[in-house]
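Look for subunit A in each of the two complexes below; its partner is subunit B in the first and subunit C in the second.
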Partner chain A sequence: MKKPWYEWIQSIDRRIIYLVVFVLVSLPFFIPIPLPMDVSEQVQKLYNKVEEIAEYNKTAKKKKVVLFSMEWDPAVQAECWPQTEAMAEHCLTRGVPFILFSRWRPEGPTLAQQIAEKRAKEHGKKYGEDWVNFGYKRMDLPAFLAFIKDIYSQVTKDTEGTPIRTVPMMKHVESIRDVDLIFHVTGSVGVEQWIQYLQPETGVDVSIGCTAIIGPEMYPYLDSGQMVGMMEGLSGAAQYERLVGHLEGRGTRGMGSQNLAHFWIIAMMILGNVGYVFQRRRERLDKQRVEMSGE
Partner chain B sequence: MRKKLLMILTFIGGLYYFVYWVMPVESRLEDTLAYFGKVTLVIGGFAFLLGVINMVRLHGGKIVLKRPGYHNSVALIVAMIAMTLAELLRFYIKPTPDWVSKAYDLLFFHMRTPIDSTIFSLLAFYMASAAYRAFRIKSLEAGIMMAVAVIVMLGQITVGISLTKWIPSEMLQLQNIREWFMKYWNAAAQRGILFGAMVGALALSMRIWLSLERGSFFDRQL
Partner chain C sequence: MATELEAKDALRRKVETVVVVVISAGALLYMLVDMFRALANPPEGMSGGSALYERFIVSVAAICTIVIYSFLYRENLFYRFLQHILVGLSIGYGTAVIWTQLLKPNWWDRLVGAESLPPNPWWILAVFPGILWYFQLSRKKVWLSRILIMFFMGTGSGAAFMGVFNLLLTPEKGQIQQSFKPFLTRVGGAPWFTWTNFNNIIFVVVLLCVLSYFFFSFRHEKNPILPVSSKLGRYFLMICFGTIFGTTVQGRMTLLIDRLTFLYTEWLKILAS
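Up next is the complex of A and B:
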């Protein structure tokens, strides 16, 4: 017997769904879709904070520094790569030195190194003067507390094996208090420890670049002012790229895929529910008919 | 005896950090912090080594006895040794020979990175299928949840935002409705969860510090 239409639209083969997802996600890489872009309050605040540091650095002898806490790995690079790239672009173009560092993800600083090298080459910036890579330094909470007290007690060499005290950029950093902003990029956790242990003692501002799935957990910190700003998911990265004028970045390019994939998911949810509502209506009518014929 | 020793060490370790937080800065306890930080790093190093030994024993046994799926264990051990060697050679031989750089790039950038990204990307396919199959408005609560989900999803993407750009009142535009949900409803729920989790963490910390926690080595006769 032929299936009624409301049953049919509830049982579309999952391979067809997968195929459409694949086509929709791939399409914008070949045919770029021009998209309008609004900048959210959190992204704007983060941008303003970096601008504030850049303005200070213009005249200051001892420059303020941004610490990139790179707690991400290849699994979440679709979102975290463009976030790191947009921030690195901003820092390099505006004369804000930065440090790459990770406590949990060995892959984070390695991937961030690629980003920084590429952006730095484009802007004629130098390793050691405009940025430095501390690499992955495994730190439990006690070691992290010691790091907050004295960076040099826990990190002695950079990824090249150079003692960090001899890296030219580090002349600006005597202690963690000389870091003016923490930019924590993650697909999971960790930013809370900067807020709990670093901020109360030093007043250093904390910000985050996170996957969209982590974003909702950050709102209490944004609301309380413990976090100055946030790049949430791919759209956060795309908004930041727009602010820094880096429109060829992965964030802007990826938004086309995300737009289409979201629409497809919403369309599938609506389709499934339309079928479900009509099926229930039909079942109710059938039941009434049986009851009436029984009487 | 070993159990008692573990309990005493745990208590002393916890006591140090407890005292550190409650004592005034003038106590100079801070001067010892870097030292204890290094101690935990060394202990952590041993934990890593234990992990490696454990894995080699487990998978090595599987390979020797040719248990079902032993080829997966071979792949794991080979990958682990190859990646470790490539990283060690890259770090310690200066200037790094070309073949070492190439081997490292092949293993990390051209194998590890795409494999990890690919596996995680599968989520997009599963999510689309799951949303279609499982998300049914069977009750009022499910209906509210779906409506909010659609608003949040549309408010996250640029095309979704432009759908309601024409509405004169900014309050009623999608991105602002999304922001309202996230800032108030979501933040309140997150705060509640955080608060509960932190109270739980405090209780658990106390239990571990005082060796009252059951499970792991606490129940076992050492």
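Up next is the complex of A and C:
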């Protein structure tokens, strides 16, 4: 017997759905689909904060620094790479020195170093003067608290083996108080520790670049002002790239694919639910008919 | 009927085998041609050997990506093989990281005097508390491991309490202080109702409703407010979970976009990187 339409749309082979997703995600790579994109408040605030540091650094002898807490690895690089790239580009072009560092993800600073080298090459910036890589320094809570008290007690050498105190950029950093912004990039959690242990003691601003999955969990911190800004998922990176202006990175390029895939998923959800409602209605009518014929 | 199904199944298997063979042959052929091309015309500043090695690595990564995505069609032997490789690699990598990043620089180098540090035999004492953990494997001597757990729990709880209080009660930015939001704004000396105040009202209503949902001290039915507020709280929570689910889908799509970007730009080179 032929299936009614409402049953058919609920039982479309998932492989067909995946195939359409594949085609829709691939399409914008070859045929760009320009779609409007608004910059969200949290991305704008993050951008403004870096601009504020850049303006201060223009005249200051002792520059303010951004600490990139690179708690990400290849599993989440789809979102975290463009976020790090957008921020690195902004810092390098606006004269904001930055530190790469990780407590939990050994791959984070290595990947971020690749990004920094790539961006620095385009702008003629130098390692050691415009950025420094502390690398992966495994720190459980007691060590982290010691790091907050004195950076140099926990980090003695950079990834190249150079003593940290001899790196030219570090003349701007006597203690963690000379870091003006923490940019924590992650696919899980960990940003809370900056808010819990660093911020109350030093007043350093904290921001995040996170995967879309954990984005909703960060809004209470944004609302309370414990976090100054956020890049959420690929769309956050694309918005930041737009603000930076001359950078059309992975974020912007991926948005067309993401939009099409989302349209398809929404369409499938609507179809599935319409089918479900009609099926229930049909079952109810059938039941009523059986009851009436029984009477 | 049964034979008809068996025949269909056999045909499907044949088609699947042909598809797998064609894709594998195509991928391997492309890999060889690509590597040969890299060897013949290495990029500037790169020797032929290193260019060949780089293209080999890219091809292996691309083939692994395709095999992992083959799971979307059906679970298969190749997918499971790569899954096992990944688990093995993760464990091996994790072990190496613990040694090179944690134990060696913080303990071994200090003990034996490597990396221009003077040797200090007292560091051998660190082994004994470490060994206490392993008494968890013994039923009789498990109490020895509890000595260590006691210290970890004490320091952990102390630091965690400090963290939670800082998070909730820091002056000006604490989560609790920030939950008290004004319903009216003073503009030019007179109270005024703005969009921010409207948002604040929504915030406070949602907060109270969700909190009331988790209020279990007495029965909700006997209270005039709690049944309604907790029901609303449940709906607000469902909206929140829906949002998280939506962003999860967004995250998964981004992973696919990243892999396709890699395949199109770095492996097939049909798009500029």
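The rule is short, and it goes like this: the second predicted complex is superposed on the first by the 293 of 295 C-alpha atoms of A that agree within 3 Å, B and C clash if a C-alpha of one lies under 4 Å from a C-alpha of the other, contacts with A are read in each partner's own complex, and residues count from 1 in each chain.
Assume a residue touches a chain if its C-beta (ideal position, glycine included) is under 8 Å from a C-beta of that chain, and two chains touch if they have at least 3 such contacts.
Only a predicted model underlies this, so the values are computations on that prediction, with no experimental measurement involved.
> Putting subunit B and subunit C onto subunit A via the overlay, clash or fit?
Clash.
> Of the two partner chains, subunit B (first) and subunit C (second), which one does A:Pro142 touch, if any: first, second, both, or neither?
It touches subunit B and subunit C both.
> May I ask you to decide whether A:Gln226 touches subunit B, subunit C, both, or neither, giving the answer as first, second, both or neither?
The answer is second: A:Gln226 touches subunit C but not subunit B.
> Where does A:Asp38 make contact in the superposed view: on subunit B (first), on subunit C (second), on both, or on neither?
first
> Could you look at A:Gln77 and tell me whether it touches subunit B, subunit C, both or neither (first, second, both, neither)?
In the superposition, A:Gln77 touches subunit B and subunit C alike.
> Would you mind checking which one, subunit B or subunit C, touches more residues on subunit A?
Per-residue touch count on subunit A favours B.
> For A:Leu285 in the superposed arrangement: first (subunit B), second (subunit C), both or neither?
neither
> Contacts for A:Val23 in the overlay, against subunit B (first) and subunit C (second): which applies, first, second, both or neither?
neither
> First (subunit B), second (subunit C), both or neither: which does A:Ser153 touch?
first
> After lining up the shared chain so the two structures overlap, which partner does A:Pro216 touch, if you call subunit B first and subunit C second: first, second, both or neither?
A:Pro216 contacts both subunit B and subunit C.
> After superposition on the shared chain, which partner residues are touched by A:Phe263: those of subunit B (first), subunit C (second), both, or neither?
The first partner, subunit B, only.
> If the two structures are placed on top of each other, which part of subunit C overlaps subunit B: 20-28, 38-46, 110-118 or 146-154?
146-154
> Pick out the shared contact residues on subunit A: the ones touching subunit B in one complex and subunit C in the other.
Correct list for subunit A: 14, 18, 21-22, 25, 77-78, 138, 142, 145, 212, 215-217, 220, 223, 233, 235, 258, 261-262, 265.
> Quick check: in the complex, which residue numbers of subunit C touch subunit A?
72-73, 97, 101-102, 155-156, 159, 162-164, 166-167, 170, 172-175, 177-178, 203, 240, 243-244, 247-251, 253-261, 264, 271
> Would you mind writing out the residues of subunit B in touch with subunit A in their complex?
17, 30, 33-41, 44, 48, 91, 94, 108-109, 112-117, 119-121, 124-125, 127-129, 131-133, 135-137, 146, 149-150, 153-154, 156-162, 165, 175, 179, 182-183, 186-187, 190-191, 194
> Can you list the subunit A residues touching subunit C in their complex?
Going by the criterion above, the answer is residues 14-15, 18, 21-22, 25-26, 29-30, 77-79, 81, 106, 136-138, 141-142, 145, 192-193, 195-197, 199-200, 211-213, 215-217, 220, 223-226, 232-235, 250, 253-254, 257-258, 261-262, 265.
> Spell out the residues on subunit A that touch subunit B in their complex, using ranges where they run on.
The touching residues are 12, 14, 17-18, 21-22, 25, 35-38, 40-41, 73-78, 107, 110-111, 114, 138-140, 142-147, 149-150, 153-154, 161, 212, 215-217, 219-220, 223, 233, 235, 238, 255, 258-259, 261-266, 268-269, 271-273, 276-277.
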